[in-house]
Amino acid sequence: MPAPILTLTTDFGLSDHYVGAMKGVILGICPNAQIVDISHQVSPYAIGEGAFTIAQVYRYFPAGTVHVGVVDPGVGSARRPIVVEAAEQLFVGPDNGVFGMILAREKHTVRLIQNRQYFREPVSHTFHGRDIFAPVAAHLAAGVAPSRIGEILADYVRPPFANPRKKDARTWEGEILKVDRFGNVVTNFRADDFPVLEELTVGDAKAQRLVHSYAEAADGELVVIGGSSGYLELSLNQGSAAEKIGCRAGGVCQVRV
Amino acid sequence: MPAPILTLTTDFGLSDHYVGAMKGVILGICPNAQIVDISHQVSPYAIGEGAFTIAQVYRYFPAGTVHVGVVDPGVGSARRPIVVEAAEQLFVGPDNGVFGMILAREKHTVRLIQNRQYFREPVSHTFHGRDIFAPVAAHLAAGVAPSRIGEILADYVRPPFANPRKKDARTWEGEILKVDRFGNVVTNFRADDFPVLEELTVGDAKAQRLVHSYAEAADGELVVIGGSSGYLELSLNQGSAAEKIGCRAGGVCQVRV
Amino acid sequence: MPAPILTLTTDFGLSDHYVGAMKGVILGICPNAQIVDISHQVSPYAIGEGAFTIAQVYRYFPAGTVHVGVVDPGVGSARRPIVVEAAEQLFVGPDNGVFGMILAREKHTVRLIQNRQYFREPVSHTFHGRDIFAPVAAHLAAGVAPSRIGEILADYVRPPFANPRKKDARTWEGEILKVDRFGNVVTNFRADDFPVLEELTVGDAKAQRLVHSYAEAADGELVVIGGSSGYLELSLNQGSAAEKIGCRAGGVCQVRV
């Protein structure tokens, strides 16, 4: 039997002890877990960025994987802890939209995390990652059925998922989902929806040429690329498009077809 | 049999090859080890910060876990390598106080690392993490008894552990142990010792209200919270208290009860 | 049977989802892999820095380890994907010099990655780490013979490996290979080739004293040390030599004997 896989996506950073404490709790419950760090560098409190990160990886993991997502500004408040069953995988975290892109895409069941038998006691008010999400995820990875965690929840948070809006016959307005380490500007225009286009603009910056790989771009040329995430990206060859344009996640962009 | 767990806490950072080399050595000796990175972002040479980090995680790990702590400005000098047995776990690193908070809290036995049979040869003068601590820890994780590593040591380093000092009937002076990624200011006042208080101050900044969760704080309000580490923290709701106050680890703080 | 070991060295950073996606693909193919992150903080597109990092760690890993190296500015262009067999280990990545230091040191066989049966389909033009290198490496780790991946390649890239040049009877000119987190300046002068020396210079900075450990250096004294990597380093005791000197990787240095 292969080891159960458990992934972690948080805004805890890598300097503090928080991620290490979660891993200790997980291994105490599920000693043979394959723990995979997706990212702990989600910007603090940036639920949308966490949602994008998790949504970009889950389909590359085998069925049965348990994903923990903790970007949780409301920890200790009335916001609820949930388990989402979707795409033959499980997602454990706060009910604040951090799994919003998965809820928008996949058939799913959402359960409230209720059964304190699977918590770490005493439960702190400030670190549910360690005291609720890690132990519940570890029990799920070890084989506990989601139905034992809690009841099905109907009124969970469904964040307005940022889809492009049609402005006129030839123009769509969208949003920058992410700027990656290389400075690629990832938009929310699905590449499949725009096999051809006349122009992609962010502020004053424009790109007309749709290329297949970064290496096709001339030196300093801003190009459009159907990126590995499935979305249109604005890119430079070996340079930062985001820096050249001066933009960041959440900003507005437009496509003219 | 579950895989032996071996954790790593260092100031090596994540850009260099140092941590990777240690892991190679470990896996050559104990191929099925569950290696857990606690943090490699301890500030360079900051023994106290390393001590805090390790002390914050060990109790969440199962009995038998081997913790390696390498913050080692004196590598290659006369400072000694040690193994600490405490809390049914093992701690491997330099005798410079990096396990000081555990020595202050737990019953313990300290052994000198002497038996070169468990070293990687040739031993360098600058990287005992790779040549002494990693291989000794891997042998311990693989089942070698601590008594085979070396003799019991009586005169190991016990750093002055920063406990708050009473200044007058109502005032205690303490120290900032850590500023975390979110800007929470972790003091060395144990939350259990101060169930009520009148004021916590750092420089000119004051907080009177003791809350249970970040979300209880009003916008921009500096609050006191009994943090997940067991210490009082100064915090803002979704903002950096440390930045607002302008303070850092090692600074002075006061509680008035 | 111990779990197969698979290491990752990339310039993908730790904020994005790219490394997580690669790990998902790997675990889908080789569920019991021991995945070891060497570094994902190689400077973007810095093939030489990636080559140095991989070359510094492979010998600490057991025979049979599979190393993935992805610093790949030419992804999607005509540059070829390769598998290198050397030192009883395997290296998977682009044919752009990222394994150059291993090719310069070890007997090796280089194969073209051809057999699409081991790819993840559809193969993107921008993320061969996920679609080619991760799955091929995982299949190799799971036991697929390199000969099944593709044919032997004769005309692979052999980057000019930066060896010191003799300038006159007593002077050698070399290059700075790396500045590490502590500010140690790692040169390409092999420590074994210079058991004694009169002076090591970088720009206006000079160091005459060859020491064995950082702790031997006086406060603020720039010293030469035969570092853990096997090369001469310029170092300060508990300070950054690189900052004091004002130098970085790629810069020139000189030894006078």
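Each chain gets a letter, A, B and C, in the order it is written, and its residues are counted from 1.
One rule holds for everything that comes next: contacts are C-beta pairs under 8 Å (C-beta built on N, C-alpha and C of every residue); 3 or more make two chains touch, one makes a residue touch a chain.
Quick caveat, the model's predicted, so the values are computed rather than measured.
Undergrad: Touch graph of the chains shown: is it line, ring, star, complete or other?
TA: Contact map by chain: complete.
Undergrad: Chain A and chain C share one sequence, so how far apart are they rotationally when you fit their Cα atoms? Give it in degrees, rounded to a multiple of 5.
TA: An angle of 120 degrees brings one copy onto the other.
Undergrad: Rounded to the nearest whole Å, what is the centre-to-centre distance of chain A and chain B, using the mean of the C-alpha atoms as each centre?
TA: So the centroids are 30 Å from each other.
Undergrad: Find every residue in chain B that makes contact with two or more other chains and list them.
TA: Answer for chain B, listing residues that touch two or more other chains: 14.
Undergrad: Under the definition above, what is the set of chain B residues touching chain A in their complex?
TA: Interface residues on chain B, with respect to chain A: 2-3, 5, 7, 9, 14, 34, 36-42, 52-53, 56-62, 65, 178, 180-182, 212-216, 225, 227-229, 237-238.
Undergrad: In their shared complex, at which residues does chain C touch chain A?
TA: 11-21, 23-25, 27-28, 31-32, 35, 44-45, 73-77, 124-127, 130-131
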